[in-house]
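To keep things simple, chains are lettered A, B, C, D and E as they appear, and every chain counts its residues starting from 1.
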């Protein structure tokens, strides 16, 4: 029973790897880049799904964590490039070019932000929660736009990708490999998490809070934990995204970005482990294929999305899986 | 004489799960028919099919000589079907007054009459249905259905959660309705009350009518076999 | 007389002008079923909610096993061993019957922050859950989603979940409702057996069950306890007959 | 002093403008419970319809009628073809579908009208400034917006709370299957109300667009602002939406007007303007966060 | 042998008009030159920096373009240009000219064919002096380009500041700001509000009964926007390095051909796209792209007939050009601009000194 549940997720992931490898072998680095983008947004989506899909916490503010992860990366990298300290108080902190040193920071900063935002936002529910999380993300967004130190609206470039021991991160396939590995690890962890006792409580709280409380479990703590973990994953994804582009800007913090990640999750299938990957893959592929057809490709994309919503009620993964239970 | 409500060999289900395996029953004008069966045997499913809340996968469904198998729910209701659903299903954010008026249609049953039957509701007119007590919600669901002035009233466990006095009043009201010529399909766990009101009974088991006949013929053996008491 | 497990003293709660419970004092002693009856809207469920901690009383206090629990939230009270069932079934619709009952076991066990081991292969959860499912007459339905259950089956699940918490006291709000004749009969047997494990505060309109089960009965009318006594005392009480029982008794 | 009075008036007026922009959403989202991200698109459609018809006929009023008609028709179409199939589904499917509609509408409009802003201006009766008692010179259209906003608010309030249509719609929101089983053709009502919501969006698009700009993408900021307004007020409450709108309008306007000056008291001038304005742009989100943390279901939303 | 050009520009969404004009101007120049040596690939960046970066990666890695161009927005340019030139590609900017790329961040392979971002604001400041304004109210959105605009204006403007207000990016209601203007005692208002912001501001300003004269850079008075503003813009002075009435043969040919080809008047952006293509063609005529140094030298020579008249590159590869003052007028049914004077002559930019290359 567990195996059939895992198989579709594995297939989606394997397909992503296959596309990247074949594209690399046939000399299509851009397709590798797109696959990397799918892996990164997939990762952000897997993170969001933890809150949204399993916990019912529709965060419209995950761009905040995604963007923070990105900004941490860019700030550390740009300080490393200019050999200036990031901070001198309370201790001197220098920049770094090491992904392995950057990620923990990105994850922690995003996680801390998620802790604060989550603790405040979780007082509300449903649409109100959507809007409070949006509010916090918008505050960060406007702050980033007008704060000149790190480029404001213009964003911040750091020109060379950060390094990873034993890998040439500038080679598209190798960077893809790093992203895909992080994605795989996260997927395994999330899969375990959702089936665990914690996951049981989390999913129950989504559907019937009163019952969970009456069983002696406090939904707030459960949800906050899920929200923070979710924000941390988004932060890691943001760090990778920054490295993909070697550039960050406030658009990473904007509500469009939050919306996009939500769309990937819904498109792929809410609460399906590999759903966000499928969603991101289909969306990005459509963008890529439709773009050259017409200047008005976005309308075509819109029509296709509508068809998908109408005919695939449980998202793409639901469509592929038929009526079988949640994976 | 043709039946007011006529189900023949009706099958239905929820997705892949079939719940009704060929239900045949008829209810004559002016009659009170009891629909009985243990938990999960398909009583509510039958009601949902009649109310067009669930599609038939087979069989026929006639109301007043008219094929209603393909009608949408609201048309079936407009044709004269009134429902007190299982689990009350009051409109939670609406007030009592709004719940009562939302679908009211002119006829014998008017607001004052309903409030006379359930004085408790009169005291709570401005309160949101969500905050009513369980029994008050049940009264509201009954009142709401009565105010649509149906030709056939369907009561799915309408006395659940009502205090004994109120329950007795409901049965009195059902008798009165019957006296006015309203037809009634009733599901209830109280054999005693059903026995005094219903003309005929149908017993469902695993989605099939396994017994039907006049209430007077419902013997102890049948009850033991099919209702497990 | 043994010390009460649960004591309510002077609980009052108003909604606007309406006094839903009005200076209610009662207690629940080990080994007993204390039935709480009264007309619709008398305040029975409101009282249960105040004991469970879902509603804060305007005044008065609740003592559980010698400890004042007024400052505890509903989850903490449940953890202390106050299990409740809901008048309108409140289960997790998307969960299977098994998962629902496992949730109750997990809540009572207090260990929800375990992230790695799959719950379904945790015998500490599944074994008690399966036991209670069987006990409540839901065997064979373990893998059916709660949303797909018939009404009466869902009522049984509600009971199974309360039982699975193995509490120190039960607060059951109309457990017989929707059960059907057979179900009510089964449940009567279960409760009769259960009370030796933990006492039960039973709100119920099914008088056959109440009269068969109750050790004591309290009658609530317009938020006030108008009588407390044995089955026979209550049956004979003219005020109760008039305002509640009607012709029946 | 006059300046402060004028800014307060501006805040009120901006609030009314926000209410107008959010009015359609109050109906569709607040009352019908439908997350309609395409609200801004319907606003845009109204503005474009008004601009196109006004340009062709030379009459703003015909344009205004066209904006109502076009948005209502499109709303009805969308409801019948797409939205109707989603009521029984997860709310999130509505998010995806209406997001897709934004893409379709934006690019569709660009395809029809090109990429450049269109001309739409107020009719002479509404243009120019009037002098208010107290010597305040104030643009006529802004006064008109206040009046129209009040009328729309009253109309909606009456519709939702006083008519059977309103009661039925709210019942449908609570339990769609049940209201149908009571003999109400809820599908038709929903189409009508969605169309009405769309028409209101279109109307505000035409009115507000005529003093702002009529261009593709004009609906996006409106979308967010409208949601902010409705949510601060509390979902489902017309009064809440109105008060929420006024609060947002006041906060935004006074924040812009006063914050930079406030900061200048203890900061260096240029830093003060930029910090002050940065804070001013965040202010409505700060307001929303505070309101919701204080009252988790908005100012007038139903308490659980 | 041919040159492969990758154009990254905004073709969808609200900002599409600018990208379309740049692309059309560029393509027109290629068509008029009748050359088949240039292979042009155009991609839509959706006005999103990350998409722009990814397209740039694609054009460089997969399509192996030699020259990149097309970006409209400064933030997108900042995302794309440094990495592209670091990989040895040439980048010709048809619009954005952020200060970072003109000063310390300049590059030998980066050429700007439009202006340094401050230029038109500087010209507005210079014009304000000549018009005798001594107390200006300044208004711009609160983001780097906005602060640069006001800084640029003040670089030449010698009068006092009646007020300095930063609005929210994307703001569409300006009642509060107009009230401040009315009460500020200003004798002139300088504003930089690109796109829809400017349209909204001007309409509301016209309705407000305030009649303090406006000045601003050309962006809010461009051919395609003016039609939407209508009468509210009439008479406003704005600064631009180009206008359709600049009297030279290249411009006359361009304006005529553009109208014939696309059925609309060219905009500022069209002219910049057109000049960009002609710069490229002029360099191709002189040198082979294989020889990057020679090609660069050929670009630096800027040996083409610019529609704006005299054109040369400064040491940081940004234009040295005249910047004009225009006034919005109505010709028949069409709102357009006519040149009424020159604000700055042979203006380079303020950052050239910081550029070391």
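Assume a residue touches a chain if its C-beta (ideal position, glycine included) is under 8 Å from a C-beta of that chain, and two chains touch if they have at least 3 such contacts.
These numbers were taken from a predicted model, which means no experiment stands behind them.
Steps from chain A to chain C, taking the shortest chain of touch contacts, total 1.
Touching chain C and chain E at once are the following chains: A.
When every chain is reduced to the mean of its CA atoms, the largest separation from chain C belongs to E. Chain centre most remote from that of chain B: E (centre = mean of CA atoms).
If you average the Cα atoms of chain B and of chain C, the two centres end up 28 Å apart. Centroids built from CA atoms put chain D at 48 Å from chain C. Chain A and chain E have centres, each the mean of its CA atoms, that are 36 Å apart. Chain A and chain B have CA centres that are 51 Å apart. Under the contact definition stated at the top, the residues of chain A that touch 2 or more other chains are 142, 145-146, 148, 296-298. Of all possible chain pairs, the ones that touch are A-C, A-D, A-E, B-C, B-D, D-E. The part of chain A that touches chain E in the complex is made up of residues 28-30, 33-34, 37, 142, 145-146, 148, 151-155, 157, 159, 172, 241, 244-247, 249, 251-252, 256, 291, 295-298. Residues 11-13, 16, 20, 43-44, 48-50, 53-54, 57-58, 61-62, 74-75, 78-79, 82-83, 86, 98, 100, 142-145, 147, 166, 168-169 of chain E are the ones touching chain A in the complex.
On the side of chain D, the complex with chain A involves touching residues 35, 82, 85-86, 89-90, 92-93, 95-97, 99-108, 110-111, 224, 227-228, 231, 235, 274, 277-278, 281-282, 285-286, 288-289, 292-293, 296-298, 301. By the touch rule above, chain E contacts chain D in their complex via residues 12-17, 20, 142, 147, 164-170, 172-173, 175-177, 179-180, 182-183, 195-197, 199-200, 203-204, 207-209, 224-225, 227-232.
Those residues of chain A whose C-beta lies close enough to touch chain C in the complex are 2, 192-193, 195-201, 203-204, 207-208, 210-218, 222, 225.
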